[in-house]
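Following this line, the structures themselves.
One chain, chain A, links the two complexes that follow: it is found with chain B in the first and with chain C in the second.
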Partner chain A sequence: MLKIIVPTMMLIPSTCLTATKNTWLSPTAYSAVIIILGMLVLNPGDTLMNTTGLLLGSDQISTPLLMLSCWLLPLMFMASQSSMSHNPAQQKRLFITALALLQLALMLVFMALDLMLFYTTFEATLIPTLMVIARWGSQTERLGAGLYFLLYTITSSMPLLIALLWVYNMKGTASITLLQLLPPMTLTFWTNTLLWTSLMLAFLVKIPIYGLHLWLPKAHVEAPIAGSMVLAAILLKLGGYGLLRITNLLTEQTTSSYILPLAVALWGALMTGMVCLRQTDLKSLIAYSSVSHMGLMTSSILTHNQLAPSGSMIMMVAHGLTSSMLFCLANINYERTHSRTLLLTQGVQLTAPAMTSWWLLACLTNMALPPTINFIGELTLMVSLFDWADITIFLTGLSAFITSFYTLHMFSSTQQGTLPTHIITMSPTQTREHLLMTLHSAPSIALIFMPQLMYCQ
Partner chain B sequence: MMRTCRALLPRPGRRLRSGPGRLWDLPGDLQKTVSNFQNQLKENVTNLFKNPFFDEKRPPMQAEVVIAGGGVMGWSVAYWLKALEPRKNTLRVLVVERDTTYSRASTVLSVGGIRQQFSLPENIQMSRYSAYFLRTINVCQEHLGVAGEPAIDIQFNPSGYLFLATEERAAMLEENVSIQRAEGSEVILLSPTQLKKKFPWLNTDGVALASYGLEDEGWFDPWSLLTAFRRKAISMGVHHCCGEVTSFTMAFYDTVTPTGEERTVSHIKYARIQMPDSLEYCQVACAIVVNAAGAWSRKLTEIAEVESSVSKTKQIFKLPVEPKKRYVYVWHSPDGPGLNCPMLIDTTGAYFRREGLGGNYVGGMSPAEDEEPDIQDLEVDHEFFQEKVWPKLAHRVPAFESLKVKGSWAGYYDYNTFDQNAVLGLHPTVLNMVFVTGFSGHGLQQSPAAGRAVAELILNKKFETINLSRFSADRFLSGEPVLERNIV
Partner chain C sequence: MADSSRLKGVGYKPLVGVSLPRTLDPAEYQQSEQTRQQQAERLAIRARLKLQYQLKLNDPHRQGLIEDPAMLRWTYARTNVYPHFRPTLKTSIMGLLWGVGPIVFWTYVFLARRVRENDWIFW
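The block that comes next holds the complex of A and B.
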């Protein structure tokens, strides 16, 4: 574990000390090397934890997400190069430092074996993200967006702290490995529901679940490209990861309070899909589509079905890559036309046909087209829900239909239609952008052939 | 003094109060206290939620449409962009105006007439649409009424325009009237005898024919229209700031036109706005820039084009819009035409109209080509009135032999030296600059229609209500003027 953490920590001084002409090159290359180091912990088929001591370890839930976050760091650097180009060198370094700190906190969350370390680093991810959104976002609304993001997450995780301390008190240990192995005690306290809610709420807000999702469109739209990428790809999955861990701990609670969030999440998946159809802002559309996908995942995890963890793992990795790719594509459009509205960026197939193929790939994966991993994940989640109750098939089927509807609407609005005369000539697509798209879609396609890397039993 | 003090001491039967007794009005007091408390709370809470970093003076960092120029054209475009967008908050629109007192703006210095008596069908259609707009201006959802605010009083006097023509120009006048009637305007032709009967104060010497507009012609208050557009646009979410667009950050591309020649086109990426009275500037990332700068449109276009001369391409396009100064005089004549007075345009080009109901009149004349006044400032030349305007008016209206000049002012026409008609459309080489300028004196009356046309061009990529493609800027490159014969 240290072989990943220490290099990520050292990324910060090395960025500050490199020459100005290597400001982007050096961290990108460095973080690419960290990816390779990260692959050393990938251990499919191993149900025991890779551990080094009491605090850090990885298992089948955390390893794919760890890999995803390592993979995305060089991509974030590549994507921000153009939009940060007019900032002075010191601010570029500060930006890279913020992202590196965020990466450090994320790695520690995914590798944490101690509940307190998990909670601390979970909260610690908020600070660098707030820095990135509020400092380098581009509208005045970014301050409100940062505030919403911060307050929603912090308020919902206060009860989480108390509940985790209760768990430590009751069980005598805060170590996740040990907690999984302890025999369950049947608890019938009247505070069962309260405990369940306080443990779940933070993750439900983070995922986000439909009623508590207001922070997400704001934060995603106002963040700069790197912020949007990391928010959509990883920070949402923190909620999913937490949910998976906590449902393991709560096996003894006999409470039926899981039904309400399940129903709300499922309904929300459908509702946010319909909201997508009415969006005029491209980034806002992609943000709502994230809520929709995550809603399906939440309801599946809450059914406590056996298929749910593997389905949600596949869905998390797949959605992370796809959503990040869509945000990158939206940013590429924005850099050329300085406009995010679907109205003014129509018909770009005529000016940048190479990007159209990437748009098509991103939209197809977003729609969960077979045989992509998005499809596998979505199907597994739908099956797990169907197993729990037959009737959910109507909602999940309808939600999948609406997903394809708005995705194709997004594709045809941006690519086809009359090209406005003021963007007839756009600057050509750069190699960096093509590389970015390749690095997003290649793992997605490669994983079709080896999904065992993401399964967990 | 001792006596009065003792008189004030409490005695049996005497109360301590010095004023008349008041009943303790518990419900009323409570009501007042509660409403005071509510107002205070509302104020405190709104202050709490006011973003301390949000600065009303500075523009946002990104706006889809930046409109340079806050006269009636700029605000009209802003209003129509918001009115015609498919969903709320699709576009962020920013209007940049450098002088919020409007001391030199053509809009507020205009005489404010509206007429349909043009010779180009497009001009007639624009004026007819604007007249319809002015008549329905207070309809809330459709036009400029804002719920909860007082109704707009545009002070539209529908007194009509009267064009007088000599023998030589009578045929052209008749032709123009037939074009106007074909478009649906209510314009009639009058012979000298009919003129004399209708307007007894008129001297029909030398007049062969006259055309009189019966409907939708007259004058209105330009300031009311400007503030109405402004108020409604701001209530719909248009951002505005006081500042001057001083430079653009552009990107250049080499392309080949359909005819085969090579051309360098450019794209405005950022607009740099200088804050008033300060060295500070703000960069706004923009997708489209609308040039609504009126008399200063050419200066703004040159700012956009100056970069291309740096890249050594020949400048193929120069916007032929220049400011031209025009004088307006106000006089009082007690024996004048009275209430039965249209906007009269004489055979010589002098014009006047009634102003208010007290015997005041407003008028002037466009000077000849070689007598153009200096445009450096807005000083009025009184000699011009004494020597050029008054004799002609006095000849036409004998009552004007005795008049007293009450005041005068001068304003700029954004004069299109090529063909005195509007320039509406995209710049040929700067791909995202849209012109809405060059109206040469009939801008105010066409502002609602022109604003709508430009908004449709931006949102739907083509004109929908009125086809104004003849007014595009390409006509300067191909050299075909679209001439308007009836310029005042």
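The block that comes next holds the complex of A and C.
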């Protein structure tokens, strides 16, 4: 575990000490090496925990997400190069430092075996993200967006802290490995409900679930590209990861308090899909599509079904790559037209036909087209929900239909249509951008051939 | 210039969703001098704005976007719906119909299914 934590920590001084002409090259190459080191902690096998101590270990739930976050770091650096080019060198280094700190916190979250370490690093991911959103976003609304993001998550995780401390008090241990083996507590109805609610609430807000999702469109739209990428790809999955851990820990504590969040998440998947159809802002559309996909995942995890962890792992990795790719594509448009409004950025198929093929690939994977891993994940989640209650097929089927509807609407609004007359310079696409798209789509295409890397038995 | 007596018997009516064109409206040909002057002033303002836009559009030294304040207001309005939300009768009914209602409905459906399958009482 230290073999990836210490290099990520050392990324910060090495960035500050490299020459200014290598400001982006050096951290990108460095974080690419960290990806290779990260593969050494991959645990696709059957063992419960690959651990070297009491605090850090990896599991079949945490390893795909860890790999995803390692994979995204060089991609974030590559994507931010052009938008940060006018900043002085010290600010570029500060940006890279913020992202490296975020990466460090994310690694510790996914590898944490101790509930207190998990909680601390869960909260610690908020600060670098807030720095990135509020300092380097492009509109004035970024301050409100950062505030919404921070306060929603912190307020909902206060009950989480209390519940985790209470569990530690009751059970005598805060270790995830040990807590799975202890017998359940006999609690009264309201104590049980309160325990479940306070444990689930923080993760439900983070995922986000439909009623508490207001921070997400703001944060995604106002963040710079690296912030959007990491938010959509990883920080949302923190909520899913936490929910999976909690449902694993407390399987025996029977409760029916999970049915309300399940219904909210499932209805929310449908509602946010329909909201997507009426969005005028491209990044806002992609943000609401994230809420929709994550709503399906939330409801599946809450059924405590056997298939739910596998489906949600595949969905998390697939959605992370796809959403990040869509945000990169939206940023490529934004850098050229400086506008996110769909009406003003249409017709780019004429100016950048190579990007159109990447747009098509991203939209097809977003729609969960077979045989992509998005399809496998979505199908697994739908099957697990159907197994739980067959009437959910109406909601999941409708939401899958609406997903394809708004995704194709997004594709045709950006690519086809008349090119706006007031845009006179669209600089050609750069190799860096094509490399970015390749590195986003190559893992998801490769995983089509071996999805069992992400299945949990 | 059409003769107003010629249009009187014809009876053009506006269709559903489409307003009557100004040239087919008999009242257009009976406007007073003051309304004609106001129409001319508004036309002058519109023409001036169009000229300013055309100048910016065809300016050879322009490098970026043309900043359109109407577009800015429109995008601001489309993105900032929640801070200006006001609970009225219509919005409350919409909220109940599309938000609270379906969630209560689906929660009840799922609970009923679980109770029936597991032979439980729900706690």
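Just a few scattered comments:
Following the convention adopted for this analysis, the second predicted complex is superposed on the first by the 448 of 457 C-alpha atoms of A that agree within 3 Å, B and C clash if a C-alpha of one lies under 4 Å from a C-alpha of the other, contacts with A are read in each partner's own complex, and residues count from 1 in each chain.
Please note the rule applied: a contact is a pair of C-beta atoms (placed from the backbone, for glycine too) under 8 Å apart; a residue touches a chain by one contact, two chains touch by 3 or more.
These numbers come from a predicted model, not from an experiment.
Steric overlap between chain B and chain C is present once the structures are superposed on chain A.
Residue contacts after overlaying the shared chain place A:S339 against chain B and chain C alike.
Contacts of A:W267 after superposition on the shared chain: chain C is touched, whereas chain B is not. Looking at the shared chain after the overlay, A:F189 reaches chain C, while chain B stays out of its contact range. In the superposed pair of complexes, A:S256 makes contact with chain C only, with no contact to chain B. When the shared chain is aligned, chain B and chain C each come close enough to touch A:T280.
In the superposed model, A:H422 makes contact with both chain B and chain C.
In the superposition on chain A, A:L143 contacts chain B only, with no contact to chain C.
Number of chain A residues touched is higher for C, counting chain B against chain C.
Contact with chain C, but none with chain B, is seen for A:V221 once the two complexes are overlaid on the shared chain. Once the two structures sit on top of each other via chain A, chain C runs into chain B at 421-429, and not at any other stretch of 7-15, 313-321, 385-393 or 421-429.
Once both structures are placed on chain A, chain A residues 280-281, 337-339, 341, 344, 421-425 are touched by chain B and, in the other complex, by chain C. Of all residues in chain C, those touching chain A in their complex are 57, 62-66, 71, 74-75, 78-79, 82, 98-99, 102-103, 106-107, 109-111, 113-114, 122-123. Of all residues in chain B, only 51, 53-54, 60-62, 64, 85-87, 89-91, 251, 253, 255, 265, 267, 269-270, 285-288, 426, 431-432, 459, 461 touch chain A in the complex they form.
Taken together, the chain A residues at the contact with chain C in this complex read 141, 189, 214, 221, 256, 259-260, 262-264, 266-267, 271, 280-281, 284, 337-339, 341, 344, 389, 391, 395, 421-425. Partner chain B is touched in their complex by these residues of chain A: 138-140, 143-144, 278, 280-281, 337-339, 341, 343-344, 418, 420-427.
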